[in-house]
Amino acid sequence: MIFFWAFVVGGLICVIGQIMFDVFKLTPAHTLSTLVVVGAILDGLGLYEPLIDFAGAGASVPITSFGNSLVHGAMQEAEKHGLIGVLTGIFEVTSAGISSAIVFGMIGALIFKPKG
Amino acid sequence: MFSKIKIVKTYLLILIAIGLCTGCNGNHDQTSNKDLNNSQVSKPISQSVSNQVTENIILEDEISKVMAVNTDKDILVAIKVKQFDRFRLKKIENKIKSDMEKQYPDYSILVSADQKMYFELVKLDEKLQKNTMSMKNLQKDTKKIKSLMKEQS
Amino acid sequence: MLVGKRTWIFENKPVIISTGTVGGPFEAEGEIADDFDLLHADLWLAQDSYEKAHKILFEEACQKALEKAEIQKEQVQFLLAGDLINQITPTSFASRTIGAPYFGLFGACSTSMEGLALGAYIVNSNGAKYILTGASSHNTAVEKQFRYPTEYGGQKPPTSQWTVTGAGAALLSNSGEGPCVTSATIGRVIDMGMTDPFNMGGAMAPAAVDTIEAHLKERNVDPSYYDLIVTGDLGKIGRDVSLDLFKKHGTPITEEQFQDCGLIIYRDGQPVLSGASGAGCSATVVYGHLLNRMKKGDFKKMLVVATGALLSPLTFQQNETIPCIAHAVSIEYGEGE
Amino acid sequence: MSNNKKKQLTPVQQEYQELQKKRETKRPVVRNCIKAFLVGGFICLIGQLIQTFYIYYFDFTDQTVGNPTVGTLIFIVMLLTGFGVYDRIAQFGGAGSAVPVTGFGNAVISAAIEHRTEGFVLGVGGNLFKLAGSVILFGVFSAFVIVLIKTILIQWGGM
């Protein structure tokens, strides 16, 4: 069941992205930046976590969840340390995506050449 | 230039493969082998409390499956929530937990809809049914599950 | 001799005595693969960067042209060439190898005809005996600069075009056998306020139409004078729009007569969307395929209109529009000799 | 914004753009959306499979499984990008392959591979976040603002 909903919700988030590409003629960078901000706002309103509970990877794999976990990390730290935690906590939860992209980027550059 | 790159390439691939294998397998093996050694168990551990809990919780509308295990101090409950009620997952967990705390004030209670919790409790339950588990091991396992569930990402 | 405001008539008839064209693996699968002098199976050309491969492409095109005419590179008086890369380094670096006095040109994808027009002018006025001119582009080197990294997954819309990997060079002389360059019209920069960098054909069409109409008017000939009017890289959209504009302006150019290099080079079914583009597109198709057909006698007079979009990634990001240009050169063969 | 631009156009330019629009190949929005749905859904499905696999066989919970799942997906993307497959998938899937975290990985890894010729420090290092940097910038900044507002509301608003 969770697999079905992961597919549907994940697919629908991508459709929103495609509409931003094709109808509003945004570049990929603009589209993805917007989606991240939307994810952050949704989590600020407490709406994104329930979506992850509902759709699993369907909500946690799209880039919107990046905004969500940034807010999450900052929020956790802010609860512990007050305002200063807002700054220190931002990368608390999201480090995996960024660090693995950096590491695999470096490895990729070592082994691969662009195919064209 | 090219051959050098190729050598680096193979080394890296091997390193990655080794890293992936060892990093992940280590934990796994430890947990599953432990119980086999201590299989000389005397009397079955009473699961009447958890059976009762299971019967009660399954009556809730939002719940599709329940799995519960208890020791003399703890009750661990894994629930599966119906798909469209999963939006309220946290609330449902909390509600069931507070209901149970009233009902069983002597126990420390852990309620979770986490998949991991469910898988683990199913394994524990099987062992309990086969009667291959001592109280000590059960306590050890519940302790492990509890600490696992406390971890945040 | 200048006629009108911007058309040169070359009464001494400079001759294209030989040409050289080089293509990449994607062109080898295309419609006119047989017309290339040299085709590479490897996009890297055994170099360690695409920019170096780009340089080799142009070097080889020049060498082929010289070989075929049996001319030594020391005999070449001037080299007029360019490409799309920042500061046209591939062409300049190739010129370092060739060693001839060198004018670096930038007219985006119109560079091929910009070079041919200037070269013909210099030869016509006895400024030189041998002039080498050409243009080149390399798909991935250009993509890297103008778009995204080649392995980046960005969806290209159906209006976008495929940059040609190829180089074309032509050797011009005041005497010899071959097609003659008879006239040239230099384009103005035309900006219709288009902003979509994935729709170059639509942006460049007005520049092509402007140059073609000015050429016909100033040379005082009817479109039917030419057997073929061929644009550089308008693609499907740009060609359709140009035909619309001709119809609207009442210029009697027929659909059969009006072709586009960007639609000639590849086969149907190659994933090129709206067609081919790039400085190498008009250079390879004209200096290879079209001149070969001309020599076979398929047609006698053609007007080549290479079109260029004068944008950079920077101007696009700063929300500037896309100014465009087109240069027309008429090539004739087999008459008056 | 587009209205603003329209106003600055001369009548000739406007007239031409109208004419051009008729000939411009329209983007097949509906077909693209269906493709994006299928490809995006499929990537999320794979994510879910990996996630369940990690939860079942290793000591990860729903809370902690996100990191290894993302790491694994990006590892797979490195291979697909390096072998020149991901850009083909993207031409078919559009946003379906760009929006999942795999698209983020692809943006970083493709830039790294591409600029290798300029050396590891200036090329790879300098261009790694050429495309993905804006996602990090806006993600971090918006998260900062949102949490700041929320914290202030909680601390002083007594929420």
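Chains: A, B, C and D, in written order; residue numbering restarts at 1 for each.
The rule is simple: contacts are C-beta pairs under 8 Å (C-beta built on N, C-alpha and C of every residue); 3 or more make two chains touch, one makes a residue touch a chain.
Because the structure is a prediction, the values reported are computed rather than measured.
In this view the innermost chain, defined by its CA centroid being closest to the centroid of all protein CA atoms, is D. Centre-to-centre separation between chain C and chain D, using Cα means, comes to 36 Å. The distance from the centre of chain A to the centre of chain B, with each centre set as the mean of the Cα atoms, comes to 28 Å. Per-chain CA centroids place chain B at a distance of 69 Å from chain C.
Each of the following residues of chain A touches two or more other chains: 2, 21-22, 28, 69, 93, 107, 111, 113-116. Shared interface positions of chain C, defined as residues touching 2 or more other chains, are 48, 50, 149-151, 154-155, 157. Annotation for chain D: residues touching 2 or more other chains are 27, 32, 52, 66-67, 81-82, 84, 93-95, 98, 103, 107, 109-111, 113-115, 131. The touch graph of the protein chains shown belongs to none of the named shapes.
The touching residues of chain C, counted against chain D in their complex, run 48-51, 144, 148-159, 191-195, 199, 202, 205-206, 236-237, 240-241, 244-245, 248, 271, 274. Residue ranges on chain D touching chain B, taken from their complex, read 52, 55-67.
On chain D, the positions that touch chain C within their shared complex are 5, 8-10, 12-14, 16-17, 19-20, 22-28, 32, 81-82, 84, 86-87, 89-91, 93-95, 97-98, 103, 106-107, 109-111, 113-115, 117, 130-131.
Of all the residues in chain A, the ones that touch chain B in their complex are 1-2, 5, 49-51, 53-54, 69, 76, 93, 107, 110-111. Against chain D, in their complex, chain A makes its touches with residues 2-3, 6-23, 28-37, 39-41, 43-44, 55-58, 60-67, 69-71, 73-75, 78, 82-83, 86-87, 89-91, 93-98, 100-102, 104-109, 111-116.
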